[in-house]
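For reference, the structures are reproduced in the following blocks.
Each of the next two complexes has chain A plus one more chain, namely chain B in the first and chain C in the second.
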Partner chain A sequence: MISNFNSHKIFTLLKVQYANMLEYRVEIALWAISGIIPFFMLNIWTNNNLNESINISDVMLSRYFLCAFFVRQFSVVWVVFSFEEDSLMGKLSPYLIQPLNPFFRYFAQHVAEQITRLPFALIIAFFFFIFNPESIWIPNLGILFLSTISTFLSFLIQFLIQSIVACLCFWTEKASSIERLLFIPTLFLSGLLAPVASFPKYVKSWVYFTPFPYLIDFPANLLSGNATNVFVGIAIQILWIVFLFPVFRKIWSAGKKKYTAMGS
Partner chain B sequence: MIKNIIDVENLSKSFYISSKEPGLKGTIKHFFRRQTKSLKVIKNISFEIKEGEIVGFLGANGAGKTTILKMLCGLIYPSEGSILVSGNLPYRRKENFLKNITLIMGQKQQLIWDLPPIESFNLNASIYEIDKFEAKRRIKKLSEMLEIDDELFIPVRKLSLGQRMKSELLAALIHEPNILFLDEPTLGLDINAQRNLRKFLQKYNQETNATICLTSHYMQDITSLCKRVICVHNGAISYDGKLDLLLKKLSPVKEILIVCRSEEDVIKLENSGFNVKNKTKNEITIKVENNSITSSLKTILNNFDIEDLYINEPPIDEIIGKILIKKDYDI
Partner chain C sequence: MNPRKYFKVYIKFLHTSIASELEYKTNILIDLITSILSLIGSIFLLSIFFQNDGSIAGWKFEQALIIQGIYTILNGITNTWFNPNLTEIVKHIREGTLDFVLLKPIDSQFFISLKKINPSGFLEIMLGFLLLVYCIRINQVDLNLSFLILSLITISCSICILYSLWFFVSTTTIWFVKTWNATEVLRSFLYIGRFPLNSFSLYLRIFFSVFIPIAFITTIPSEVFLGLAQLWKILLEVIVAMVFLITSRKFWLFALKFYTSASS
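Right after this comes the complex of A and B.
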């Protein structure tokens, strides 16, 4: 994949996919709105005073869930569903005989969609601050930069995990079912519903050995200014990418041989 | 001497397919114990294709034509045998090989649905690493050849099927491939659009000496483009050779419709030893072998008072139809 890397190709892909995404701006606005789970969770937490049990103030908790919303907006991945559809319907065939790994297309689609989502996410944040003025804060540039990197790394981890699952299409055809299994730990262990700090001690003892806390919890804590070990967190995210990338390459290379070009 | 661009030897392809008995019992059985079997869809085929040739693959639905094309372009791996396309093993999908070929499937599209075709063309130009100015030149040239200059900036979803197919062709040819794999490229197009596409392919072949492998269920595509055909029957090659020879072999007779001035002449013709197919009051249709057409016509014109005369070829679809259901043709 890296050997095929060509910045010009990727830039053109991004431009084209961005143009394509702008055709769907209403849908993207709706998707952005549909990602407000963290705000519901914030409501549950504050109405039940649950934050007292983990020594986080209301303000910090509000900021955490707003940041979780932001991280989720820019790290959400659906490559398994696109790939599965393309694979089963034969749309993958023309991409496979082009000198560019088809996953670059999906990657560009995701990045283009994230860029399109940005204004909608900012509008939602604006309204969040109107209803929660005490939560207003401006993270310093260094933190903003590091949390942007961390969010992008979180996106890469999720993209690689889903790409690996997507490649199982070559064997099982319905790889999205496997992804649904992964969705459960992602939902509960990533920090989307609750900060990982609030988890029971025995869960915390092993959850950091999985990639899940580095998907939402770590970048959201980083952005919201909660105490976190920045460089260790980013290093672990990079380690996960370094581990997942060769797995993806291996499974992609084996899967290609199984492709039957169904539906075409 | 023209060199071979495609070499196929003892090529086979098997797929694993699962089967399910009908009804609830079958469904439950299928859920717990899935029965799969290996199905050999391509059986030890061998052929060669020379540079610049246009070869038509003929066969009934499910005969294996598309599977052969998919293996030739490297989309699927062969189970046995060897394939060399332009000196490459297609299934390795090396960059220099991929830059040399294209695959167009009539029922599938690569254009981005919501954007004008020009965006897809520019994207493909970038994927194939074509310089911006060169890409512009090629798009201009191909869009003129295909007569779609006006449609370049209209979203694909708003284009007619014919315009979309032409745009697909342009997207697939922007890198000027030497080998074209076309799987039913005229599917669903109206007669004029089919004719234009054929004209374009002929011109492209003449100008670039590109090799074209084509499957189509429209016989006009085959007869107007391909001098050579490979007939595929149940995954095996039943005929590989010139289309003319095959047609002569399959249709050794022509039909002559003679319009006579009187019923008397019709009766006289009927009793003259010709092989009569049918007759009416003033008309009679006779079957004459290809090699005795001239002598038969001479006899008719010299001995009978006829008003008009038509020589009919048997419908090509009818002849090709025979190929699709028959196993072997020894020419």
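Right after this comes the complex of A and C.
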């Protein structure tokens, strides 16, 4: 009964947010375009034959970067910016009264945005294949399923990390600068700009102990068919989630007590 | 136009915006760490590109560092002046507060472009300068008067082009209202400025010299540092900068004719 009620709530939230997101189609399209940096990077790699040193063929590399683009598209998180605004403007107060953790609302927002974004990402992929016809491939259903799961897990890890940062708003008011700080290692170590396989040894030795390679590099390798260990990767992703979730719970319940409704 | 009046007004702008930014002192510290990490990250990325052979498209690693330095300075300028002010235009137009700007007995473009300042960008500018000084040493650039004048001219032209691009994109909000993300697209394209232009394929090179003249922004000043720039390129950059400045000014005045206030 309770779970039925909850799934109803989540479904309604998703429906409302999807309708809301459809209003912002142009914005989301622009956002999708702003994610094409991996393609520029690919251009540098292949145009200068840099891939020879890391033993990845041109075709595999272009598939990798296309997949990195996709994984990034469906794991973008911006909860800290919404939360900061809501918290500073006092909009959080009505949400707190409702019998629903406000983060469910943000979560639904993100998922709805991803659904809205899907067609734009597909259009960009279509153009990518027009320019790189030799890299067309169709991943088999099992791989597609597993990589969808690992992309979603990557989204969950980033959502949890950002939610923890967002909760710092209760203490510092401007938590988005901490998020910008965390974004730098995410950008350079996640494999968005260069596959982790190409990193020098002194970085490779420790980077797998951080969550970053599991955000983009692992799901992108999985989807593009590059060598990777599926089950170990997914297990580590789940481990990070299991580790981060209680941290979030703790900081949220501690932060709630600090909340002073500003501006209302 | 009375330059002394504008100068006095600008001093007041500086005063108020620095005072309000200093409210968040820890933020400035976090931003400092962010810009240092970001520089380390981009040098790391560059070193991956150069790890097998010593040069890319005719650029050695030490020479490519010059581009990195110039990019860092320009990025710092963007974060100090362009980003805080020009994202504000979107807000002015959405909320109809542009009315108050237009009513003031002062040039609206001046007001809108220079009202705010974000002091944490200074740190990035300084980091860029330090990197450039280091590059001058390792590349044994000889510091004569003509080099200084030419590099000053080309970098100021780059700043003008960059400003015009930002201003141009922000002005389009008068028609589209919700283009927060258009600046995000511009930002991601500008990312290309970190790399030498001829490391890209021909099509991208044409695109980045004609439509979005990123080529002019970082590559030509770096060539001046290396003593490689031909005179016609420098002249071309000056002309492009002039055209961009004048067009963006005209475009702003043209766009204002279509401004219909909101919610007032």
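The definition used in the following text is that the second predicted complex is superposed on the first by the 259 of 264 C-alpha atoms of A that agree within 3 Å, B and C clash if a C-alpha of one lies under 4 Å from a C-alpha of the other, contacts with A are read in each partner's own complex, and residues count from 1 in each chain.
What we mean here is this: contacts are C-beta pairs under 8 Å (C-beta built on N, C-alpha and C of every residue); 3 or more make two chains touch, one makes a residue touch a chain.
Only a predicted model underlies this, so the values are computations on that prediction, with no experimental measurement involved.
Undergrad: Check the residue A:S205 against both partner chains and state whether it touches chain B (first), chain C (second), both, or neither.
TA: neither
Undergrad: If you stack the two complexes on chain A, which partner ends up touching A:L13: first (chain B), second (chain C), both, or neither?
TA: It touches chain B, and chain C stays clear.
Undergrad: Could you say whether A:I184 touches chain B, chain C, both of them, or neither, answering first, second, both or neither?
TA: In the superposition, A:I184 touches chain C alone.
Undergrad: Have a look at where A:N229 lands relative to chain B and chain C in the superposition and call it first, second, both or neither.
TA: After superposing on A, A:N229 lies clear of both chain B and chain C.
Undergrad: Classify the contacts of A:K174 with the two partner chains as first (chain B alone), second (chain C alone), both, or neither.
TA: So A:K174 only meets chain C here.
Undergrad: Looking at A:S57, would you say it contacts chain B, chain C, both, or neither? Reply first, second, both or neither.
TA: Neither chain B nor chain C is touched by A:S57.
Undergrad: More chain A residues touched by chain B or by chain C?
TA: Looking at chain B versus chain C, the one contacting more residues of chain A is C.
Undergrad: Of the two partner chains, chain B (first) and chain C (second), which one does A:L96 touch, if any: first, second, both, or neither?
TA: first
Undergrad: Output the chain A positions appearing in both contact lists, the one against chain B and the one against chain C.
TA: 24
Undergrad: For chain C, which residues are in contact with chain A within the complex?
TA: Touching chain A from chain C are residues 24, 26-27, 30-31, 33-34, 37-38, 41-42, 44-45, 47-49, 51-52, 56-57, 176, 178-182, 184-185, 187-188, 191-192, 195, 199-201, 204.
Undergrad: Can you list the residues on chain A that touch chain B in the complex?
TA: Listed in rising order, the residues of chain A that touch chain B are 4, 6, 8-9, 12-13, 16, 19-20, 23-24, 90-91, 93-100, 256-257, 259-261, 264.
Undergrad: Contact residues on chain B for chain A in the complex?
TA: Touching chain A: residues 15, 66, 70, 73-77, 91, 93, 95, 98-99, 101-103, 105, 107-110, 112, 114-115, 119-120, 122-124, 126-129, 172, 183 of chain B.
Undergrad: In their complex, what parts of chain A are in touch with chain C?
TA: 24, 26-28, 30-31, 33-37, 40, 43-44, 47-48, 50, 52-53, 172-174, 177-178, 180-181, 184-185, 187-188, 193-194, 198-200, 203
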